[in-house]
Each structure stands twice: as structure tokens, then as C-alpha cells.
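Note that subunit A is present in both complexes that follow, paired respectively with subunit B and with subunit C.
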Partner chain A sequence: MILLELKNIKKYFPIKRKSWGGQGAFVKAVDQVSLSIYPGENVSLVGESGCGKTTLARIMIKLIQQDSGSIKLEGQEVANLKGSKFRKFRKDIQMVFQDPFNSLDPRFTVFHILKEAMTLEKVRYRHFRDQEQRIKELLAAVDLPVNILNRYPHEFSGGERQRIAIARALVLNPKLLILDEAVSSLDVLIQDQILKLLQELQDKFQLTYLFISHNLKVVRRVSHKIAVMYKGKIVEMAATQEIFQNPLHPYTKELLSAAIEYKSVRRSEDINIHPNAQLVEKEKGHFVLDV
Partner chain B sequence: MWVYILKRFLVAIPMILIMALATFLLMGSTPGNYLDTIRMDPQVSEETIGYYQHLYKLDRPLLEQFFYWIKNLLRLEFGYSFHYNVPVTRIISARLLNTFILSFASFVLTWAVAIPLGIWAAVHRNQWIDRLIQLFSYIFLSLPSFFIAMILLYWASQTGVLPLGGMYGPDYDQLTLLGKIGDILTHLAIPTVALSIGSIAALQRIMRGNMLEALGQKYILTARAKGLPENKVVYHHALRNAINPLITLLGYEFSSLLSGAALIEIICSWPGLGSLMLTAVRSKDIYLVMTSMLMGGVLFIIGNLLADILLVKVDPRIRYD
Partner chain C sequence: MINNNRHHSQFQLALQRFRGNKTAMACVFILGFLYFSAVFAEFLSPYSYKDEQRQYSYCPPTPVHFFDQGRLTWPYVYGLQLSFNEFYKREYVTDVNTKYRVKLFASGESYKLLGLIPTRVHLLGVESPGRIYLLGADSRGRDIFSRLIFGGRVSLSIGLIGVLISFTIGLLIGGAAGYYGGRVDNYLMRLCEMVIMFPGFYLLLALRSAVPDDFNSVQVYFAIILILSFIGWASLARIIRGMCLSLREREYVLAAKSLGVNDFHIITQHILPHTLSYSIFAVMLSIPGYILGESALSLIGLGIQDPFASWGNMLSDAMSIVRIKFAPWILWPAFFIFLTVICFNIIGNVLRDCLDPNLKGN
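The block that comes next holds the complex of A and B.
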């Protein structure tokens, strides 16, 4: 069963107000994107900044409403959910943000951060002690000492904060965890620690990750499948090894040559994308946007 | 924390002295003194003037006068008013309550309206309701309060709904306690509204700005992303982070509680301290001015200290060691 299935997601942002009778100008942030995420199969969205990957992630957790397209969580359409069903959906997909220094409310202690996340859970804890027990389990899971409950975010380092943010995201036992550049603001050693931690957590809690990143080295380590985004479209999608060994789309080649040593011709002009271009399966499981 | 408070009080002493000295020198550096007004009366003899000049030490150098005043201050003697010829404390205490009633009413009205309005405007940023609030804020910020008071008084004179000034109605003494309170409240309405309306506009804009800044932070995105209901996002996360500068402002407000609002008091004939002080400055009734200044200064320092202590209570990042 597909965990999360996106079909023809479209989101245009207006950049100019519509003049009378005229057509307004738009940024095509996400343009007819389809993507399927299977349980346990980590997917990475890569691409330059501004290519629409963060917008796509925000549409997945419904921070932004898409213009059109369908989102299915375990086969159920969630695009227009409301009320208690919506909260159930919310619980299953959580997100960790890039900047650990600003993504935690400075007025909340670690305990409050985790406790507030719990208020969305259906199961109310009968006893305060049970709740505290769960919080301590989570802190242990992300390798943080349990005596930090009464401390505030500003008392921690970047790596520690990101662990707190991960613990917070795990409170509700999500099925899919979206990591929006979650390690890119950390230094390499801490990055390594967090990535190891994420791998441990995946085995422990049966998580599926969606990485959003521009760092191909990180992506190579953790993902099974890579989708390359460019100008709001997925231009290539294949298994991680396949992308690295056999990139087919000119943009993917360029991205690889910039990130790692990969022989490629520098492009002289912008890569044009035909408005009606479709993803075509060139080889088994390897999709490329038809140029 | 207690050490910090003690330190703040110790620092406050030279601050008040400097403030007092500056006021004293300013008052003294302009030519003439209160006795000059009396001197113009041909019935008062030179000897009498000379007697009073000696009595009040007005013939001594300015600095000596200042230290004499300080010396008396330490014995809690605030001096005599030249004009009223009674201790200044008696004059001030007679008007203190009136001023406090007006300031406090205006303070409550301002904060009770401006804070929710600012939050509301920020949450509905750039929607028509926000634009409407901002439009009226610009208008009321641009109108001087005395002008608003005059418009209100004109309206009151045309409709007769509210009394035209003063603090008590003519039949005040015959009223029951409840009636007395009601009578004062109806007299209070116009000066309070006139005083508050500009402050509401200003405070609302500050609140809106702080709120917008807080709402743009990443932790708000986090809160929304984890599926928190919007009202919790606004009140638990954004508001708590937006409130700091307002607490500091609250401290400043504390001193204005007893300083009075001269213009409004004069227009609405409210018997407060503001109009009293204006007359005192103009007639060089020096000890009356000094005492009022001292009161304002001490309240200002206490208000600031209270605000700083409050900040520690609400913001875990702030610490004084």
C-alpha cells in the first residue's frame, strides 16, 4: 500500500495583482507534481533553492492549500479533510524544520514543547506520571538526558535542539516524517550523529522519511529513492544508486557535477521545460521528464 | 535577584538627585522669582518682600538653595508653596486622587482596547478589518487629544448626554454612594476618551507590529505544522513572544499615572495635578514644581524596575545576576 500518494499537485503563487480583465503573473512553485511514497522507503526531494520542494512539503502537511491535485494517505483522500479526521491525518505526518534555533518557541521548556505536541493525541494520559514517562522515553530515544525537561531551547546547542525537534515530531508516532533541510544548518560531525540517529529511529518506530535537501551527500546516505525537482516539476525520479550512476536529465547531471565529481558538460543556456512534458519511464523504475 | 533590585535602588538615588538638580537649575536660570509678581503690587512694601526673600532664602545663590531644599527633603519636608502659602504636600494630596482617577481610567481603557485590537489586526493582516483599524489609527494618531476633547465637548453640548466638564455635578452632595460614583463616571467619560484615543491608536500599532513579527517566526510554522489549532498558535506561541516590549511600555505608563494631563484637564476643567503644575511652573512656584517632579521621577524609576522584574517572570531568556 502506498503511504502517501500525490497526484498532479499544482500550486501557483500570484506575484502581480490581476489587472481588470487581464491575467495576473504567477510563480509556478509546484506544477503538476506526482509522487508516491511507500512505507519504509525513504524518498529525497532534491533541487536548487526556489525549485518548489519546500512548497511541496508544506502542501503535504497542509500548511498550504494546493490549487489542484489529490493527496492520498494510505489510500484515503485527505485534500479536503476537516475536524477530527483532519487531526488524525495531522498526527501521521510530522515535519522537522531546517533551523533548530528558531523552530522551537523560546518561551517553552522542553517539557512543554513535548507536552503540547501530545495534546493532539487522541489518547489522554490518565496520569501525569504516564505522560512524563512517555516524554522520558522519547528523550532517551533521541539520546538526550532526561534531566533537561525544565530547560529552555536557548540553553542547548544546535545539534541538541534538532534532537528536541525530532523528539517533538515523534511524540505522536507519525508514519511519515518530513525533514526539511533538517541537517543542513548543523556542522558535519553533528550532521553525521543526527543521520545515524535517524536511521536508528527508523528501525525502532517504523518511520518513513521524506528528505528535502540540496546536499546530495546526505541524500545518498539516507534515501532509497530520489526525485529531482526543477522549476516546480519533478524532472527525474529513480532509485538512489541509479540516479548517481546513470543520470539522464540534463539538470540532474548538472546538479551532480556541482555536488560531487561527475563529468558533465556545462550548460550554456537555461534548461527549457515544455509545459506539457510528462514523466516517462525510460528504464525500470527510472522516470525522466520528457524534453 | 534581590541583589539586583537593591543595586537598582542604589543607582536610583544619584539619578533622582541629578534629575532634581537639572530641574532646579532650569527653574532658577530663568530671570525672576515668585516674589516679582507680588512686587508689582504697589501696596506691598520693599521690606515685606525683603523679609520673604530672606525667609525663603531666595537671596542666596541657586546651588545653596538647592542643597537647602535637599536637606529639608531628608526630613521629609517638601517645602511651602509661595502661591497657596501652605505646605506643597497638602496641595498635591488634595488633587492626587483626582489625577489618579483620570489617569487610571484612561490607562485601563487604553490597554483593554488596544491590546485585543492589535492582536486582531495582526491576525487579520491586510484584510479589510485590519485596513479599517489602521486607517482609524492614523486619523486618531494625527489628531491632538485636546482637539478630540473639544469635539467631544461640542457634541456633549449639542446633545446634553454628558456633562460639560468638572468632576462633580451640582447635586453631588445629595447623592447616594452609588449615585456619586455614577456622577463621577459621567464626568470622567469625555476626558478619559480624549486622553485614551491617541494612545489606543499608538499602542495598537505597536502590538500589531510585535504580533506580526512573532507570527513570522519559525516556531510558529512549527506549531502550525504539528497541527496545533490556530487560536493556540496565536495565544500560546505568538502572543507570549510579542508581549516583551509592551511590558517595558507598561513600566513607563506607571509614572504617568500621577503626572496628570494638563491640556485635557484645562479643557475639561478636571481638577487634576497637570493644570496645577502648569500654573506652578509659569508662576515659578518652585517647591511645588520640584515636589511634583520628584514624584514623577520616583514613580518612573519604580515603574521601570517593576517592568524589568516582570520581564524576568515572563521571559526565561532574561536573567539578572
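The block that comes next holds the complex of A and C.
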């Protein structure tokens, strides 16, 4: 069963107001993107800044409404969910944000931050004892001591903050965790620790990760499948090994050559994408954007 | 599980920095003293604000004597006799034969302390029929010191209440404009610009003339507050709106949204508290505007009416240079307006420095 299925997601941002009768100008942030995530199969979205990765992630957790396209969580369409069903959906997908210095409210203590994450489970965590127990459990899971609860975010290092942010995202027992550049702002050693932690957490809580990153080295370690995004479109999608060994799309090749010592590829001036391009299955499970 | 070690939020850290600033703390103490004296005005003032003694018109400050023929005694004042010199100029001649002892906790006019406890005790007084004018008397022989304290009630509270009202309006309108954006934002901001566009003082005059002139002093007081805050909210709303606009894009707001926290909770917990820490100094810097606005209205006779005292209408006596030359002590209210405004400005500026996270290292 597919955990999360995106079909033909489109999101254009207006950059120029529509004049009378005329057509306004748009940024095609996400353009006809389809993506399937299976339980336990970590997917990575890679691509340069501004290619629409973050927008796509925000559409997935419905922080932004897509212009068109469908999102299905475990086979159920979520576009028009309201009330309790929508809250159920919220619980199943959570996100860890890019900047740990910005994603924790500086006015809240750690306890307060984690308690706020229980908003959707108010009934379950009604009593202080239950809250306390859950919070202890999570702090232990992310390797933080329990005596930090009445500290404020500014008293922590970047890595510690990101652990808190991960703990917060895990409070509601999500099935899919979106990690939006979650390790990019950390130094290499801390990155390594966090990645190890994420692997542990995956085994422990049966999570599925969606990594969003521009760092191919990180992506290689954690993901089973990679989707390369460029100018709002997925240009290539295949298993991790396949992408690294046999990149087909010119943009993927360029990305690889920039990130790791791949066969040097002549830097192309600009990669043009044909407006009618479609993802085509070249080999088994290896999709490339092609006319 | 929650231990007792002190951990401080950024706001608490800012307060610590503020406490370290001596000038600002001095200003806080001065203002605290002024507000304290306004609250306990009846007790601290020797006379009532409307206690007229025409024979003491423009009486200069009464010297208080501590020595009697070279010997230290209980402080006393001499009696005064009004006479005219050969140019028909008023002169107060001290009558050395009459001595009136200064009394602490003297009994005087009856009043209700804090509006509750009926009493006659005043902190300072003098044996009747002597009069003590610590800061001189005005044209009707009323004690300027007493009227200053009573006037402080109006002048000091008008800033606070005015800011409270305009801050509430500004917060609501700015918050709505910033958070919802789009068309709501557009309309509300054009409204703000319309209000800002009016030349403030003339709008003040026009609005004041629209208020019925048979209002009693309490009604006039609240009318002035409403008028001033009607003018003042717009610039605050613009500040708040700008902040909300950027705050709603913060990642912790997005995180709260993705955790299913509702809009109202997000606005009150994650957005408005952040605008509060930044707009506290904006509020501090705008309080003097209200005090000066009230003073200006009262100065030209449109504000608080005699015999009620405010610093502004006390100053209206000082609009003639001849009177200032003849009785310079009628300028005391100007000094207190100046002092209050300076104190609020200094506190506002220091608060801004303390609350600005970019200056934290110092």
C-alpha cells in the first residue's frame, strides 16, 4: 500500500498582478509533480535552492494549498478533509524544519514546546503525568537529558535544537516524517550524529522519511529512492544506487559532478525542459523526464 | 522533573540588561515617584486643588525656617501681609511677629484616601491661619505644589490609558492586516494611511469642537483620551502589521501549524508576544505624545477646565511673558512635563537597545 501518493501537483505563485484581460506572470514552483512514497522506503528530494522542494513538502503537510493535483494518504484523498479526519491526517505526517534556530519559538521552554505538540491529542495527554511520561520517552529517544525541560531554545547548540525539533515532530507518532534540509545547517560531526539518530528512530518507531536536501552525500546514506527536482519538475527518479551509478538526465549528472567525484561533466549553460516532457520509465524503476 | 535552576527567556534577559542601565533605572524611579504621588495626591498635597485664597495671588514660594535666633527649632513659616509699593506693585511683606509651625500629618480638608478611606490627614500642613506655598501660588492664590500633584493625575494617566486604547486598536487592526494579508491588509492599511495623513493637531481641535461643551470634567477627560487614541493607533497598527507579516512566515509558526495548533492560539502565543517585545518601546516612546497632546489642548483652553488641574491648563497661566517675569514659579508644570517626557523617552530608547537581540553581546 502506498503511504503517500502525489499526483500532478501544481503550484504557481503569482509574481505580477493580472492586468485587465491580460495574463499575470507566475513562478512555477511545483509543476505537475507525481511521487509515491511506500511505507519504510525513504525517499529523497534533491535539487538546487529554489527548485520547489520546500514548496512541495509544504503542500504535502497542507501548509500551502496546491493549485491542482491530488494527495492521497494511505489511499484516502486529503485535499478536502475537514475536522477530525483532517486532524488525523495532521498526526500522520510531521515535518522537521531546516533551521533549528528558527523553528523553536524562543519564548517557549522545551517543556512548553513539546507540550504544544500534544495539541491534537489533548484527550490522551490530559494529565500532567501522561505528558511527563511521553516527554521523557521522547527525550530518551533523541538522546537528550530530561533535566533540560525548563530551558529556553537559545541555551542549546544547533544539534541539540534539532534533536528537540525531532522530538517535537515525533510526539504524535507520525507515519511519515518530512525532513526539510534538517541537517544542512549543522556541522559534519553533528550531521553524522543526527543521521545515526534518525536511523535508530526509524527502526524504533517504524517511520518513513522524506528527505529534502541538496547534499547528495547525506542523501546517499539514508534514502532508498531519490527524486531529482529541477525548475519545479521531477527530472529523474530511481533507486539510490541507480541514480549514483547511472544518471540519465543531464541535470542529475551535473548535480552529481558537483557533489561527488563523478565523471567530469561539461557544465551546461542551461538545461531546457520541454513543456510537454513526461516522466518515462527507461529501465525498471528508473524514471527520466523526456519528451 | 522540572528542576529549580533559573533559566531565563530572552525577555527576562532583556530585563536584566535594562536593570543594569543606571540612567534608565533613575528614570523608572522618577516616574514611579510621580505616579505614586498622583495616586496619593490628596494625602501628599497640603491643600486641595481648588482651595482659593485671593489675598495670596501670585504669592512667591514660602521660605521654611529651621533656625530661630540662631537656635535649631521645629520648622516654621512667617505670616505674610499683602501690600502695594509706590508703583502699585504687589509685595508680600513677611510679618516677623507671626510664626506658624509646620506640621506633619496635619489635619486639613477632609477627603477619601484612594477613594475609600475617609480621613483629614495631610502629610504636610501649617498652623492656620498661616499658609505654606512650597512652590508659590497661582493667580487665585491656589497652592501650585498641590495643583501640580493633582494635575499629575490627569497628565500622567492620560498617557497610559490613551496608549492602552490605541495599542489595543493598533494590535487588533495591525494583527489582522498582517496575519491575513491580501485584501484585508490592503483595506486596513489604506485606512491607517488616511488617519495618519490628517495633520494631528488640527484634527484634535476639530474633534474637540465636536464634543459638546457642557461636558463635565470627567467626560472631557475621557473625550480627550478617546480623541488622542483615535489619532494615535494608526502608526502603531502599521508597525504591528509589518511584524506580523514577517512573523507568520517564521518556521516555528509553520511548525505550530503543522502540529495542528489553531489560528487563534498561534496568533496569541507565537505572533503577538513577539510583536509585544518589540512594540513595548514603541509604546514607551508614544506615551509622551499623549501627555503633550493633553497639555496642548488644555493650554489653549480646550482641555481640562479650571478649577480642575492638569499640567497643561496650569501652564496656560504662563502664556504671558509679563506674568512669567513677575512670577516665574508658574512655570513648574512645564518642568514636570519636560521631566516626564524625557524619562519616557530614555526608558523607551534603553528598552529598544535591550530588546534588540542583535545588540545582545554588550
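Methods note: the second predicted complex is superposed on the first by the 284 of 291 C-alpha atoms of A that agree within 3 Å, B and C clash if a C-alpha of one lies under 4 Å from a C-alpha of the other, contacts with A are read in each partner's own complex, and residues count from 1 in each chain.
Throughout what follows, a contact is a pair of C-beta atoms (placed from the backbone, for glycine too) under 8 Å apart; a residue touches a chain by one contact, two chains touch by 3 or more.
It should be emphasised that the depicted structure is a prediction, and the values quoted were computed from it without experimental measurement.
Three-chain overlay on subunit A, with subunit B and subunit C in a clash. Contacts of A:136 after superposition: subunit C is touched, whereas subunit B is not reached.
Of the two partner chains placed by superposition, A:218 touches none, neither subunit B nor subunit C. In the superposed model, A:154 lies in contact with both subunit B and subunit C.
In the superposition on chain A, contact is made by A:90 with both subunit B and subunit C. Within the superposed three-chain model, A:177 lies out of touch with both subunit B and subunit C [touch as defined at top].
Of the two partner chains, neither subunit B nor subunit C is touched by A:45.
Judged by the number of subunit A residues each one touches, C leads among subunit B and subunit C.
Within the superposed three-chain model, A:146 lies in touch with subunit C and out of touch with subunit B [touch as defined at top].
Under the contact criterion defined above, the residues of subunit A that touch both subunit B in one complex and subunit C in the other are 58, 61, 63, 87, 90-91, 94-95, 97, 99, 102-107, 109, 116-117, 120, 152, 154, 165, 168, 172.
For subunit B in complex with subunit A, the touching residues are 217-219, 221-228, 232, 236-237, 240-241, 314-317. Contact residues of subunit C toward subunit A in the complex are 1-3, 5, 7-11, 250-252, 254-262, 265, 269-270, 273-274.
Of all residues in subunit A, only 58, 61, 63, 87, 90-91, 94-95, 97-99, 102-107, 109, 111, 116-117, 119-120, 132, 136, 146-147, 149-152, 154-155, 165, 168, 171-172 touch subunit C in the complex they form. By the touch criterion given at the top, residues 58, 61, 63, 87, 90-91, 94-95, 97, 99, 102-109, 116-117, 120, 152, 154, 165, 168-169, 172 of subunit A touch subunit B in their complex.
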